[in-house]
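The following blocks contain the structures, represented as C-alpha cells.
In what comes next, subunit A is part of two complexes: it sits with subunit B in the first one and with subunit C in the second one.
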Partner chain A sequence: MRVAKWIDACGTDEIEVEDVLRFDHDGRTYALYRSPDDRFYATDGLCTHEQVHLADGLVMDNIIECPKHNGRFDYTTGQARGAPVCISLKTYPIRIDNGRVLIDVGTE
Partner chain B sequence: MVIVGAGEAGARAALSLRQSGWPGAITLIGQEDLPPYERPPLSKKVLTCTTDTAPRTTVNADGLAADKITYLPGTRVCEIDRVHHRVALLPTQREFHYDRLLLTTGASARKLATESHSGAEIHYLRTFADAVKIRAKLDRGARILIIGGGFIGLEIAASARMVGADVTVVEMAPRILGRSVPQNLAKLIRQSHAEQGVAIFEGIGVTGFEPAGQQTRAHLSNGVTVDCDAIVAGVGAVPNTGLAESSGVITENGIRVDACLRTNDPDIFAAGDCCSFPHALYDNRRIRLEAWRNAQAQGQHAAASLLGAATAYCAVPSFWSDQYDRTLLICGFTDEPNTDTVERNLASGVNLQFHLASDGRLLGASAFGPNELIAREMRIAELLIERSASPGGDRLADPAVKLKSLLRAG
Partner chain C sequence: MKRNDYPALPQLFVWLALLVVSGIGAYLTLGTPWCVPFFFIYGILYGSCSDSRWHEFGHGTAFRTRWINDAAFQLAAFMVFREPAIWRWSHARHHTDTLIVGRDPEVLAKRPPSFRALLLNFFALQSTATAIARLISHAFARLHEEEKQFVPQIEHARVFRTARIWLLIYALVAAYSIHIHSMLPWMFIGLPTLYGAWLQFYFGITQHTGLAEDTLDHRLNSRTIYMNPIFRFVYLNMNYHTEHHMYPMVPYYKLPELHRELRHDMPTPYRSTLAAYREIIPALLRQRRDPSYFVRRNLPSAFKPGTTAAGTATPQAGSVI
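This part shows the complex of A and B:
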C-alpha cells in the first residue's frame, strides 16, 4: 500500500506559467511544473536517458524537453514522447494549499 | 523496407517506420558487430570512464525483436541492383529484395596522407572499438598528440586531460574550430584548454615522425618536437558514398537527395552524415551535416518519406560539443555573409550570441558555457530560427525581455 508523504515544495508564485522548477528533497530531485492552463504537476527531476536535470529544459504546453539531447516527456502523465528517450518519467501527486505547492513523495 | 547503415539515422528510421504503423518487413544492415549505439559519448564518457565495456544502445536486441526489425550486424552491402530491387550482402553472399531502400551509410574519419606519417601509428575515432583502443593509451602522464583542432580533436583533448594525460593539439589552419564556430567562442574554448594545461599550436602542421624509444617523436612545422605515446587524428570526415556511386545513385558532397531525402532513384532515399540536401531555411543551399541530432531527425523524416510522405526536411542544424564542464552550443548558421551579431548577457555571466541577416531574420545562435545555463535559451533561439523570425536585435540583446515571449510574438 502506498503511504502518502506530503512535502511543502514551494509557493505557487515561484513557478511561472508554462515553466518548471527543480526541487530537491531527501537525496532525490524532482521537477515541478505549472501548465499553460495553470495546473501544477510533478515528475522525477532527472531525464531517463542520461540523468540530466529536466528543470533546465524548456516547457512548451504539456511537454518538457531535456536540455541535453532534446528528449521529450508529457509532464502531466510522465509519458516519453520523443527520441532519444524511451523510458517514461515517474509522476507524483500535487496539492495546492494556501498558495503553497505540496508534493506527495510517499513510497509504495 | 531495407536500411543500409545502422548508426543513429538508420536505427531511428527503422524504429520510426514501425512507430508510423508500417506493417511489413524492416531489415537493418550494419557493418559493426554491435547493436545500434550512440556515438556522441565515444569522444567523452567512453574515453574517461574505464568501466564502460559496451556502448549505450539506440535500440537493443530486445527492442529490435519487439519491433520485428531484422538486424544484420557485421554485414556489408556490396551492390545495389536497382533494376531488380535487390541488395547483395557480404560476407554471407545473400541477396535481399527491397521495395524501398534507405542509405544511412554515415561518414568515415578522413585519413592523413600516408607519406606524412610513415611508420607512425595514427588513431582515428569513429566507432566504439576505436574509442576503446584510444582509451587504452590514455594513462595518467601518457603523452598524447592530437592532430586537428576541430570538435573531435578538442573533445578527445579534454577527455585525455581529464584522465591525467599530457596533451598537445596541432591545428594546420590559423585557428582551432575554424569551420563553423565564431572566433570569440573559439578563443574561449582555447582559453579553457590552456587553463587545463593543453598545449595548442595553431597554424602548425606535423612535418614528420620518427621512432624515439618506446615513443614516437613528432616534428612540428615550428621546429618543436613532441615525443608521444599515442597520436590521434581528427581531421574531418568524408561521406560514405561508394555504394551509391557504384550503383549509379548521384552524389554531390554526399549522396544527393531532394528536400524529401529522395535520391535520383525514386525508390532509394538517404539520410544522416552521408547525404547532402537542400535546406529551405538557407535559400535551398545544398548542405551536408555531421551531427547526431540531424542524423536522428533525418532518420525519422526519411521513414515518413519511405512511406510516401512528400514533406521537406527543414530542421534547424544544431550541434553541441562538451569540453570539460562546459558545452558549446550552435544552432543555425553563424558564418553567413553580411550578418550582424548581437550579444545577450545572461545573469550567470555567460553570453549568448545571435546572428542576424541584413533583413533582421535570425539565422543562427551560439554560446559556450555550462549547459544548464545556456541550453534553454539556445533551444528557444532554435525555435525562432525555425520560424524565420525577425525578433529584433534590441530585444534579443535585452536581458529584461524574456526570449520565450518572442516566440509568442510569432
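This part shows the complex of A and C:
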C-alpha cells in the first residue's frame, strides 16, 4: 500500500509557464513542470536513458526534451515519446496549496 | 527558452528547391558540358547537405513541430545512406562517449589512421560499401554485433522494416534503369551519395580528428572552425562543433550566438578549414608512426566560471534557445 508523503517543493511562481525546475529531496532528484495550460506535474528528475538531469532540458507543450541526447517524454504521463529513450519516467502526484507546489514522494 | 519552426523551415525549403532546380538543370543539359556543373551542385546538395541535415534533424532540434523533423530526418538519412534508426542510436552513443576508445562508433580516423580508408571515404566508397552490406543484412533481420551494443531490442523491428523499404526503393530505381537502358536514374538517386560526399567528408574530418581521446571535456576533443556562409549553409553551422557537443539541445541556427556567449571559456577557434587541416594532416601522419600522439588544445587559463570578458555575469540558463 502506498503511503503519501507530501513535501513542499517550491512556490508556483518559481516555475515559469512551459518550463521545468529541479527539486532534490532525501537523496532523490525530481523534475517539476508547469504546462502551457498552467497545470503542474512532477516526474523523476533523471532521464531513463543516461541519467541526465531533465531540469536542464526543454519543455515544449507536454513534452520534456532531455538536454544530452534529445530523448523525449510526455511529462504529464511519464511516457517515453522519442528515441533514444525507451523507458518511461515515474510520475508523482502534485498538489497546489496556498501558492506552493507540493509533491507526493510517498513510498509503496 | 522556446523553440519554433522558424528559421529552419525556410532553409529547408531553400535546400529542397535548390536540389530540384539543379536536378532539372542537370537533366535539361544532358549531353552538354553544362550538365557537369549542375550535377556537381546537385551532388553536393544531395550527398553533403544531407549529412548535416540528417544529423540536425536526428537531434530533433531544428523544428518545434515534431513531424517536420521526423520527415526531413528520414529524407536526409536516405540521401546520405545512413539507416535512420541505426544512426540515431549510434549518434546518441557518439555524444555520450565522444572519442572514448572502444565506445564511440563514429570515429572517422581511428589510430593509427588508414589513409586508404580516408581516401576511399572522400567519395563515401568504403562507408557506403559497408552500409550496403549492412542494409541487406538488416533486410534479412540480422544486426551486426557492434550495432547490437547500441541499438536496443525494441528498435530492431524498425531497423528491419526501414531496410526493406530502402531496398525496395533501390530495386525500383534499378528496374527503371534497366527498362530505359540507362544509368541516368542512378545519377539522381543513389550515386549522388558518392559523387557528392566529398564536401561533407572534408567538413566531417575536422570535427574530432587528431584530438584527445578518452576525455569528457569537449573543448579538448572537438573543433570550432570559422567558415564562410556557403559552407555554413551546407554544413548547418556544425563548424561550431565544440558548442554543439557541449549543448546538443541548441538548434543549429543558434550556435553562432552560443559561440559568442562561450568563446571566452573556449580554446581559440580555427580561422578556416585550411587552418584546421594544417593541424590535422601532420597529426594523422604522426599518428601513423606514433598512435599515442594527439593534438593538445590550450584552454583559457585565466577564465573563472561565471565571468565574461566584460566582468562578472550570471549565466541565464538556456537563454540562447
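We adopt the following convention: the second predicted complex is superposed on the first by the 108 of 108 C-alpha atoms of A that agree within 3 Å, B and C clash if a C-alpha of one lies under 4 Å from a C-alpha of the other, contacts with A are read in each partner's own complex, and residues count from 1 in each chain.
Quick note on the criterion: contacts are C-beta pairs under 8 Å (C-beta built on N, C-alpha and C of every residue); 3 or more make two chains touch, one makes a residue touch a chain.
Everything quoted here is computed from the prediction, not taken from an experiment.
Participant: With both structures lined up on subunit A, is it a clash or a fit for subunit B and subunit C?
Facilitator: clash
Participant: Among the partners subunit B and subunit C, which is in contact with a greater number of residues of subunit A?
Facilitator: C
Participant: Could you say whether A:H53 touches subunit B, subunit C, both of them, or neither, answering first, second, both or neither?
Facilitator: Only subunit B is touched by A:H53; subunit C is not.
Participant: Of the partners subunit B and subunit C, which touch A:V17 in the superposed model: first, second, both, neither?
Facilitator: In the superposition, A:V17 contacts neither subunit B nor subunit C.
Participant: Touching subunit B in one complex and subunit C in the other: list those residues of subunit A.
Facilitator: Of subunit A, residues 18, 56-58, 65, 67-70, 83-84, 86 contact subunit B in one complex and subunit C in the other.
Participant: Which of the residues in subunit C come into contact with subunit A in the complex?
Facilitator: Subunit C residues touching subunit A: 1-3, 59-61, 64, 66, 85, 88-89, 92, 95-96, 152, 154-155, 247-249, 317-318, 321.
Participant: Enumerate the contact residues on subunit B facing subunit A in the complex.
Facilitator: 12, 15, 38, 58, 63, 292-293, 296, 300, 371-373, 375-376, 379-380, 404
Participant: In the complex of these two chains, what residues of subunit A are touching subunit C?
Facilitator: It comes out as residues 18-19, 49-50, 56-60, 65, 67-72, 82-84, 86.
Participant: For the complex, which residues does subunit A have touching subunit B?
Facilitator: Interface residues on the subunit A side: 18, 52-53, 56-58, 65, 67-70, 83-84, 86.
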